[in-house]
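Here the structure is laid out as structure tokens; the discussion comes afterwards.
Note that the chains are named A, B, C and D in the order they appear, and that numbering of residues resets to 1 at the start of each chain.
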Amino acid sequence: MKRYLYRRAGASFITLVLASMVVFAGVRALPGNMAVALSGENGSAAAIAAITKEYGLDKPIVVQYFDWVKQLLSGNLGISPQTGQSVVSEIAQRLPVTIELTLLSIAFGIVVGIPTGIYAALRRGKAADYASNSIAIFGLSIPSFWFGILLILLFSVRSHILPSSGFVSFFSNPLGNLKDMVMPVVVLGSGVAAILMRQMRSGMLETLRSDYVRTARAKGLPERVVIGKHALRNSVTAVVTIIGLQFGVLLSGVAVTEQVFLLPGIGQLTIDSVFQRDYPTLQALALLIAFSYIVINFLVDVAYSYLNPRVRLVGASK
Amino acid sequence: MPFIFRHRNTSAKKGRLAGVLIGASLVLASCSSGSSSSTAATTASTAAPAATIKNGGQIIVGLPAAPEALDPATEATYYGRIVFANMCLGLYGISSAGLPTPVLASAAPVISDGGLTYTITLRSGVKFNDGTPLNAAAVVTSLTRDQTLPTSARASALKDIVSVTATGTDTVQLKLASPDSALTTILAGRSGIVVSPTALAKEGANFGQQPVCVGPFMFSSRPSLDQINLVKSPYFYDASKVHAASLDFTVITDPSTCYSNLLSGAINVAACLAPNDVALLKSNSAYQTQTVITNAYAGLDINVGNANGYNKPSAAPNNPFAQHPSLMKAFELSISRKTINNVVFSGINQPGCTPLAPSSPYHTSIGCTHRNIAEAKAIIAATGVSTPIPVTLMEPTGTLNTQEGEVIASEAAQAGFNVTVQSTEFTTALAAAESGNYEMFAIGWSGRVDPDQNITPFYAPGSALNYTGVQDPTLQSLLVQGRTATTVSARKAVYAQVEKRLASDLGIIYLYHEAFQLATSAKLQGVSFTPDGIIHFANAGFTA
Amino acid sequence: MNPPLLKIDNLSVSFSVPGGTVNAVRDVNLEIGRGEILGLVGETGSGKTTVGKAVVRLLEPTSGAIAIDGVDITHLSRRSMRPYRRQIQMVFQDPYSSLNPRMSVEQLIAHPLAIHGIGGRSERVKLVREIVEKVGLSKAVLGRYPGEMSGGQRQRVGLARALVLSPALLVADEPVSALDVSVQAGILNLLVDLQQELGFSCLFITHDLGVAEHLCDRVAVMYLGEIVEIGRREEVLVHGEHPYTKSLLEAVPIPDPTIQRGRERATLPGDPPDPLSPPVGCALSPRCPLADLRCEQEHPSLMAMRSGQTTSEALLGGDDHMVRCHRIQEAGLLVGS
Amino acid sequence: MTDISVAPPKVRRQRRRLGVFMKRKVAVAGGLGIVLIFLLAIFAPVLTQYSPTATDFSHLLAPPFSSGHLFGTDQLGRDTFARLIYGTQSTLEVGVVATLFGTAVAVPIGIISGYYRGWVDSVIMRITDVILAFPFLVIAVGLAAILGPSLRNAILALGIAQIPGVIRIARAEALGLREQEFVQAAVASGASDPTILVKYLFPNMLSPLVVQASVAIPGAILGSALLSFLGVGVQPPTPAWGSMLATAQTYLYQDYWLAVLPGLAILLTTLCFNFFGDGLRDALDPSIG
């Protein structure tokens, strides 16, 4: 087991290193460089030279990369040329917003998706099953930006129930914070709920058909125990995997929702940085997203290998 | 920067680019000219009723893009100027008539030595927003920093100043290398902002995170890039006239969101609206709108001599306009500036065919060509080029820009131009323009006070902004005359010829002068929107 | 003396798994003569399938050698292995997963012929029809897909696919254990008939002693990767001496597929040890009623029941009933003398 | 492993048939919807007299059912109905071609990765991890910035975005299949690797791939709508639902129909594909239920 973990961690590390290289090269492959973008319309040669020098853009890209890695290792992600703030503090300000949005969306997905999935599986073939499945497909099909706009039209513009946008910290105004989060969470969470519902339903059906659930029923165990204890527990592995993957998807996919609801998270910052050629911020962000994706993947794999030891043995026979 | 909903007025994007200007980017009539710039239309849809303004209240302003770090020496965006105008006053400012007016200085500078020495006397009893008194030494510190800081965005504007000395506690003397009549104007921009030496010593390079200047409001916090909070300053010399308790700026990139936020009351001042939404608000008595026509303009750059990049020798690229320059006139005749303005911009901009704003004292009305398909077709026929003539029009991404391209394509098609609109991400488009990798590029300029700065950078050989690669000796000699002429009337005469020359389609087809728009809650009075597009809240407050 | 058709010398196969190394097969020696059926019996996980897969080279041995007709094929390249592939064919345990569901019966059986370039198109068709008839299927099934057939029919297709190449050796890995009992006998009888008709040798892997007794000439019993007893059918299955063999024999077969699993389990107390850390001494010692200190400390070797000689010596003397047990060797010597 | 059930097969079969029939109705509806959408794309010129690109500056933002325009006009006076109908063409092109491209590239890589495992697999998996770790939007914006915006590059970006996921699916299938006895049987009978990959592995992963594609097509349509929002998708004046939606945001308060209609079109199309894919999944892989 330990060796498996080490191997898996090693692979993750390699992925991260590769990712950092791709980020670095990719950012520099964008047309128009940072010095030009920054010094802007009237950038004098002197200003361009100053920026070029300050950010070391005149050095060979390999040297720049190692300079950056050196910086990274000392915990310094540089200064954002757009804001003059350190990239670390800029991200630190925004990350909690994105994480809150992501966590709440997953929570929403779990709360809505899992019970619906169980219910649909138990009522298999009945109207309720088709209805919930159809709604789930609906949830998967609706364009998130459009959904967001519709919600704003309905709940903010027509009826002033919810704020159309904005963000207050949970710690300064918990109720306001939750109100701000309702619509974005519904938009993002509906997709998660749909996926979880479908996964839960098919997992449940599979377990319900299995021998040991049949045995448990035959033994006369009450239905609630059979479902709660046996079937549910058995569907958990797949659901854990999905939640982990969704976490990664959401972290990197919140940009649109953040944009629609004006949430100051990292998604929007990422896109802004692309457009502004803010190399330090963009590099840090892409690495952060890659890192969190890899870490989540790693955790899911580890969790999975604990839940289902057969995974570990893949690679055993030749 | 907008991401999805990039249908902001072109001004936002160009303004951002434009923001990265030298300090003298304020739009106003030159101080040496006596001519008025009253044509800058400041119109309020609802006449401001004379109601009493209460003290207190929170003004929340929606801006379409975020300012950079709030350091007057390095900040370079238009939206940064709006923030500074309310917390970082300069030696001079711009009056509502568009003229430089003393702010921290007590009077206009005393110019001596044949224009080489400027003596500025400071207003007395002024304190920075940390209580530090304003004196000549502080001015010297700020100006020297503007000139010497490596990342300074002000250095080039101040390059003519050779020395700055405090000749008394309240007097500063500037020595110039050569006479520069625009200096007062420059000092009415960010270059003239005086920062607290105490705060500067304390914060050093981080001054932009905790800026301290003189102003009606003082910096409170910036919890994120998109949120700037100011509070009323107790140190301000004119604090009795400041009504609002706080002034917050919040960035809203999406105009629809801006609109819904204004309607829901989340903001009470909107500088982030789309033209069509402003038009909607005009009929809503709960809001008032203001529009100013600025020095910013938009046009179509046509690649006639930039085959290999702006810094390479001029060479004609392989496109119909470079091969047959008269096609530019045909193209101009095939489109209607008025239609573009009405369809895309709800009629808010001012159609025009020169780089000089109608309000500029150097502007001479020459009468633009009007759409004339028959004439356009005749010109095309004369060139012998077979139609339809394929043209690729590069438009920066954004809904309004794309629509502008589509209107142009739709109109030019009738004359025989097959225009393909190529929506291109802004920085990518700039890179393509610099390297000469384009045919036609819809791009504007944020505008300058001095006419030369609105023309020369785009026509000078080897200039980074000379995307078209045009080389016109006649124009060059006229521009030299314009720079060396000393009187306003003499310069005006030169620029009349320049405008005429430019109207003959050298490489840029000018389309319109941009309007900036503002919508405020009707309850908020005393908001002053000056012709330079700057919003002043010093005397603003709520009525009920 | 001609070499035996199949000779396995000191075959070991180990897998590295995250917790260490599992020695699935340890020092196995086996010979199969022409026309002989050797039964390889043992519990699930005893390594019998691994031996089978190593023989058809689906698994790489860690050490040891496998020879066909005296030719060492252990390390042959893919290409040089090809002619020998034709000689060794395998029938798999699960007829549901051993047939490509996207191929028709005809394609399934003809494909090995095509791979080995046997015959022209028409000849292949003929060969396929012949073998299909031989395995007791009608020509009507040729166009069918595996999903449309019963388990018994599928296993007949599996047999046909293996035998169409006229192999010299058939490795049959529990060919009936996945089938209903009612069908099992039919397949087994078919196998016996075909073997007699075609004369191939067979390595028959099973956990079912009854099946082995019905079919095999000789039987080898495996436990934890080792052969613990080997000999002629009646020597092992009637007079089996190894405590493990005995426990297998004591487990009375019950003709009910739902209890089939129980039959794989010997009646010894406890479970087989963790293959990651096998006992130092005799593999069976933790479960064996006869085990003493020596059994726990010293690994017994395989010795002839009557002569007490080690493998090669005993074989020369025609003594081919061998047991891997300290206690039985002691007792057996007494009996034999 | 196979379960040999002792349950009476008749009852089971009947119950399943009923379920399958019910599900099939929805799937058939989805399939018919897809056919209808394709027909709309093909017969667009017959269905409307208006050109989707013809502007009419005298009838801007006309509401639905006015001045001869069924769904009204847009901000440039173009007929919204015509733009919606013609928009199916580019929308479908993006969805289908991007998915075909992504699948065609990814499947061989995934099969090789899963079948050979070892270092080949490690290298491929690391690379796909790296791609997966990047947000799709950054890849899309980057590609569009580097290659320039066009329909072809939008398709390229959307196709590339699908590759890692499809590789994973193909690899997982190959990993599972290679342990299947019929693949081992092929090895044992001396089949060459190319034969095994093409004849044994690929045909047996078709159903998950087809299902994946039926989900990926609507995914790509949604993605192209996003790209249009970024201005890096389908170029004007070609009508595409995504760019129509993007433009409509500006006129949300004047003419909300402009946003509602293309949004509905995207929703209905993705619904059809998803329903169809769902039914397909059930038909091809009954174990999912």
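To be clear about the criterion, a contact is a pair of C-beta atoms (placed from the backbone, for glycine too) under 8 Å apart; a residue touches a chain by one contact, two chains touch by 3 or more.
Not measured: the values here are computed from a predicted model.
Undergrad: Going by C-alpha centres, which chain is most central here?
TA: When every chain is reduced to its C-alpha mean, the one closest to the whole-protein mean is A.
Undergrad: Looking at C-alpha means, what's the farthest chain from chain A?
TA: C
Undergrad: Which integer distance in Å separates the CA centroid of chain A from that of chain D?
TA: 22
Undergrad: As a quick test, compute the distance in whole Å between the mean CA positions of chain A and chain B.
TA: Centre separation, chain A to chain B: 39 Å.
Undergrad: I'd like the Å distance between the centres of chain B and chain C, where a centre is the mean of that chain's Cα atoms.
TA: 88
Undergrad: Calculate how many whole Å lie between the centre of chain B and the centre of chain D, each centre taken as the average of the chain's C-alpha atoms.
TA: 45
Undergrad: Mind pulling the residue numbers of chain B that touch at least two other chains?
TA: 3-5, 254, 256, 260, 425, 427-428 - these are the residues of chain B that touch more than one other chain.
Undergrad: Listing for chain D: what residues touch at least two other chains?
TA: As it turns out, chain D has residues touching two or more other chains at 141, 145, 226, 229, 249, 252-253.
Undergrad: Mind listing the chain B positions that touch chain D in their complex?
TA: Chain B residues touching chain D: 3-7, 254-256, 259-260, 274, 276-277, 280, 339, 342-343, 397-400, 402-403, 405-407, 409-410, 420-425, 427-428.
Undergrad: Give the list of chain C residues in touch with chain D in this complex.
TA: 53, 56-58, 78, 81-82, 85-86, 88-90, 92-94, 96-103, 111-112, 115-116, 151, 158, 161, 165, 178, 180, 257-258
Undergrad: What residues of chain A sit close enough to touch chain D in their complex?
TA: Residue positions touching the partner: 11, 14-15, 18-19, 22-23, 26, 29-31, 124-125, 130, 133-134, 137-138, 140-143, 145-146, 149-150, 153, 157, 202, 205-206, 209, 211, 252-253, 255-256, 267, 270-271, 274-275, 286, 289-290, 293-294, 297, 314-315, 317.
Undergrad: Which bits of chain A are touching chain B when the two form their complex?
TA: 30-32, 36-44, 46-47, 50-51, 54, 82-85, 90, 93-94, 145, 149, 152, 156-157, 160, 163-166, 255-256, 259-260, 262, 264, 268-269, 271-272, 275-277
Undergrad: How about chain B: which of its residues touch chain A in the complex?
TA: 1, 3-5, 17-22, 66, 68-69, 71, 74, 76, 150-153, 155-156, 208-209, 223-227, 250, 252-254, 256-257, 260-261, 263-264, 266, 425-428, 430-432, 434, 445-446, 457, 464-465
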